[in-house]
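Letters are used for the chains, namely A, B and C, taken in the order the chains are written, and counting of residues starts over at 1 for each.
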Amino acid sequence: MTAVLEATGLTVVHRTRSGPLHAVSDVDLTLHRHRTLALVGESGSGKSSIAKALLHLPPPTAGTVTLDGTDLATLTPRALRALRPRLQMVFQDPLSSLNPRRRVRDLVAEPLDAHPRPGTDREATVHRQLEAVGLPASFADRHPGQLSGGQAQRVALARALTAEPRVLIADEAVSALDVSAQATVLNLLRRLTEERGLAGLFISHDLGVVRAVSDEVAVLQLGRICERGPTEEVLAAPAHPYTRALLAAVPEPGRPLGDTGLLPTDPPSPLDPPSGCRFRTRCPLSDDRCAAETPPLLPVTPTRTVACHRPLLDRQA
Amino acid sequence: MTGPVLDVRSLDTVLHTPDGRTLPVLRGIDLTVGPGECLGVVGESGSGKSVLARSVLGIHPRGTRATSTGAVLLDGEDLLTAPARRRAALLGTGIAMVHQDPMTSLNPVVRIADQVTEALTNRRRLNRAARLRTAADLLAAVDVPDPARRARAYPHELSGGLRQRVGIAAALAGQPRLLLADEPTTALDVTVQRTVLDLLDHHRRSRGLATLLITHDIGLLYGRAARIAVMYGGRIVETGPTEAVTTHPAHPYTAALLRSVPRVTGPLRRTLPAIPGSPPDPARPTAGCPFAPRCADARERCNTEAPPVHRPAPGRSVSCHYPLGTPESTP
Amino acid sequence: MTTAEPPAATAPTQPAQPAAPAADTGPRPRRRPATGTLVAAGWLTLLALTVLLLPLLLPGFDPLHGDFAHPSAPPAPGHWLGTDASGRDVLQRTVAGARASAAVAALTATVGLLGGGALGLAAGWFRGPVDRLIGFTTDVLMSVPSLVLVMIAVSLRGPSLPVIGVLIGLLTVPHFTRVVRAVVLSLNERGFVQAARMLGTAPARILRREILPHVAPAAVGFAFTATTVAIVAEGSLSFLGFGLRPPAPSWGGIIAEGRTNLGSAPWISLAPAAVLCLTVLAVNYLGEQLRSPAPKGAAR
């Protein structure tokens, strides 16, 4: 496995009227070629802040991001711009990420127009990328307003592909789509990372969707990673009570409603997180130690780590 | 035996576009919801599921002109032919609605207490103290913590989950017989979604509330709706008990929809079976089955002839020439 | 899927969600221009043609020539809008005055559009200290009583057409700045501008490709308003004696000259006043139409 993107000690603090908001606290992650890491969390978990910090749009409050060994913070603005095509992202609302006044052809060719590559056939590139995302060449003449949600997301993907990225980030990229369009885009994301050797980061709140595209999963809770491991292992036997609750809450045809085990309180505000373990106010297992000490992210098995004083899997000696 | 609370018969709705065309968006909808029953309506965008809710209410978005024909009976009273005053009087007390995004359905500059008691103060004059007390009671009934303080708050001071509970409290305040919930949890986190749906279930059972739960997520209906109706292209293409429809779908669309849902359980599928093509355009109605262009099992007849309604089992119906699991489906 | 349905209920020009795949291959139905637009455009065309052609077609066109035999004559054949106190033809003077008013208006709109456009783009794009500095400057500019400023300047530099046009133009700059800044700020949050940043597109290119096409309708629409402000302001200045010097006619000047005879010969003021009113109305109406969403629809 080749590491493409590495982030260490990633911390993002937003200044708000009600004081500093610690959106991301000391998060490490690594993206590998041909592999997809999923970031899972609910609103306020900091998953979108991580995506922005990885892109340095804007740079994180603290921590480093290195792409193929280059620390993004050391680059001049011009050098960073030249490197940006290698880090691509597709957004939740595909229609708003496409300029409504431009045609699909120009949208897909934009990375080429922004960073001209001599000897590249623009029209051929557009057709090749549209084909790669399963859209007919005739779509090149359309405006975004003439696309369905799923089609628009595929155009956004085609644009990202024109940039010839090393890393592809998908931020809730399918959560606004219908199930049938969702399946198409998920299959596409999976195929693109596997066949083109992209390093994928898939951000979602939906574990079912995460399972379909990712190899590894990191569960975020109020800006901290609380559990990480291979997707199938984590879903089969979650080690953190929060992961277990998320999993139990997923509605699925043919699956009886399980107990989330959550205490009947509302999620705490990221502006005023609980002391110690940030999950403790909702956790059925919490005790005094959870309030006093922040649990560190430690291995429970060779492949998995969890930040919990009372993990659901026994720690191996 | 008591009759159904909501009885929709052969409901057709057409929208009139500003350039003078008419678009058939609902066709021949038949459904009933009994007291304390939850009927799940599932469909993708453009299937007509939200128009269905609006047609029952008789309220369409500003700038949209719609005409409904057929019958929408609420406890036997036809809402389509009822005078406007009567329909307005039934909103809140007869029918109440829970919207997708409580932030848009709640007025941002009005205190929670005044919004929750809206359906009451129209009828009974309450002074301020009594209104706050009533509002706190209504909020307590939907598990809002610290209800007395929340009653004095404004919508933006509450989290999404709390706002949706306020929306439910407002809907329940007028003691309606029918609750229309249109994507009530789509904007919420999955753990919050669970508690809000549990809440709706609780009130449906304890009050005998007839509930129409409209969603794009078929998984959400499992274990909550006794029966489901699957909508496609403005029609109900399949209906029946949730368990039976989700385990043995009779309509190829239902089957395809179920196959394409990503799941956290069961064998790992690296490729999800997507449904090719796009939903039908209401501006171009076809003579045949609306799903035929995307259906893997479509035959010649499907493109030219409207499918008949089959009843493969008691309480089940499917609108298809060759329903799955029947002798017709095997060529 | 969470969005509203049905697709076609929103607007016919926007085949939104389940994008009727075939619907956009055929010719799209053109929006028929509203009657108001036709009337407004018709009036401005008529005015422009009259201003351009009347001096050529009418023998002996001379807005300064006084027919001393018929001072303050009511409208009649020969003098369709009557004559003023010096016996000059009101129609000819109104037509000639249109040129001065149009020149002032054009100058104002250009100065406002360029100055305010640049400041607004800078404020919205850079934000932070640049935005605060520009915001403070425009606030100061707006707090100065504008007519007084113009009067002082005219007293110093003389009431020439460029002076008046540029001055009124400068006074509209803060308003242009605000309009443009607001649009740029909202665009910064839009996905497609973020997507362009993410691609590493050069800032100049983002401004040109993603920002300007969305700013232009709002700015140009506001330019129409600025035009009418200029016409009215020039009229007021002339009325106060700080406009273009008589006898060179401008609409404001003609109205001002007629005010002493308002009781006996109201047409001297009323005819140019009516033309001014109609023109301002027409320009404002067209500007409003321009600002409303483009028929391409998808500009959400």
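In the analysis below, a contact is a pair of C-beta atoms (placed from the backbone, for glycine too) under 8 Å apart; a residue touches a chain by one contact, two chains touch by 3 or more.
Just so you know, these numbers come straight off a predicted model, no measurement behind them.
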Most distant chain from subunit B, judged by the mean position of its C-alpha atoms
C
Highest contact count belongs to chain pair A-B
Can you check how far apart subunit A and subunit C are, centre to centre, with Cα atoms defining each centre and the answer in Å?
48
Compute the distance, rounded to whole Å, between the mean C-alpha positions of subunit A and subunit B.
31
Touching two or more other chains - residue numbers and ranges from subunit B:
44-45, 216, 278
Counting only residues that touch at least 2 other chains, which ones in subunit C make the list?
1-3, 15, 17-19, 23
So subunit A residues touching two or more other chains come to 148-149, 151, 178, 181
Taking the complex as given, what residues does subunit A use to touch subunit B?
42-43, 148-151, 178-184, 186-187, 190, 205-209, 211-212, 232, 235, 245-257, 260, 262, 264-267, 269
Considering only the defined contacts, which subunit A positions touch subunit C in the complex?
55, 57, 80-85, 87-89, 91, 93, 95-102, 110-111, 113-115, 142-149, 151, 156, 159, 163, 176-178, 181
Subunit C to subunit A touching residues, read off their complex:
1-3, 14-19, 23-24, 190-192, 194-202, 205, 209-210, 213-214, 296-300
How about subunit B: which of its residues touch subunit A in the complex?
44-45, 143, 145, 159-162, 189-195, 197, 216-224, 246-247, 256-258, 260-265, 268-275, 278
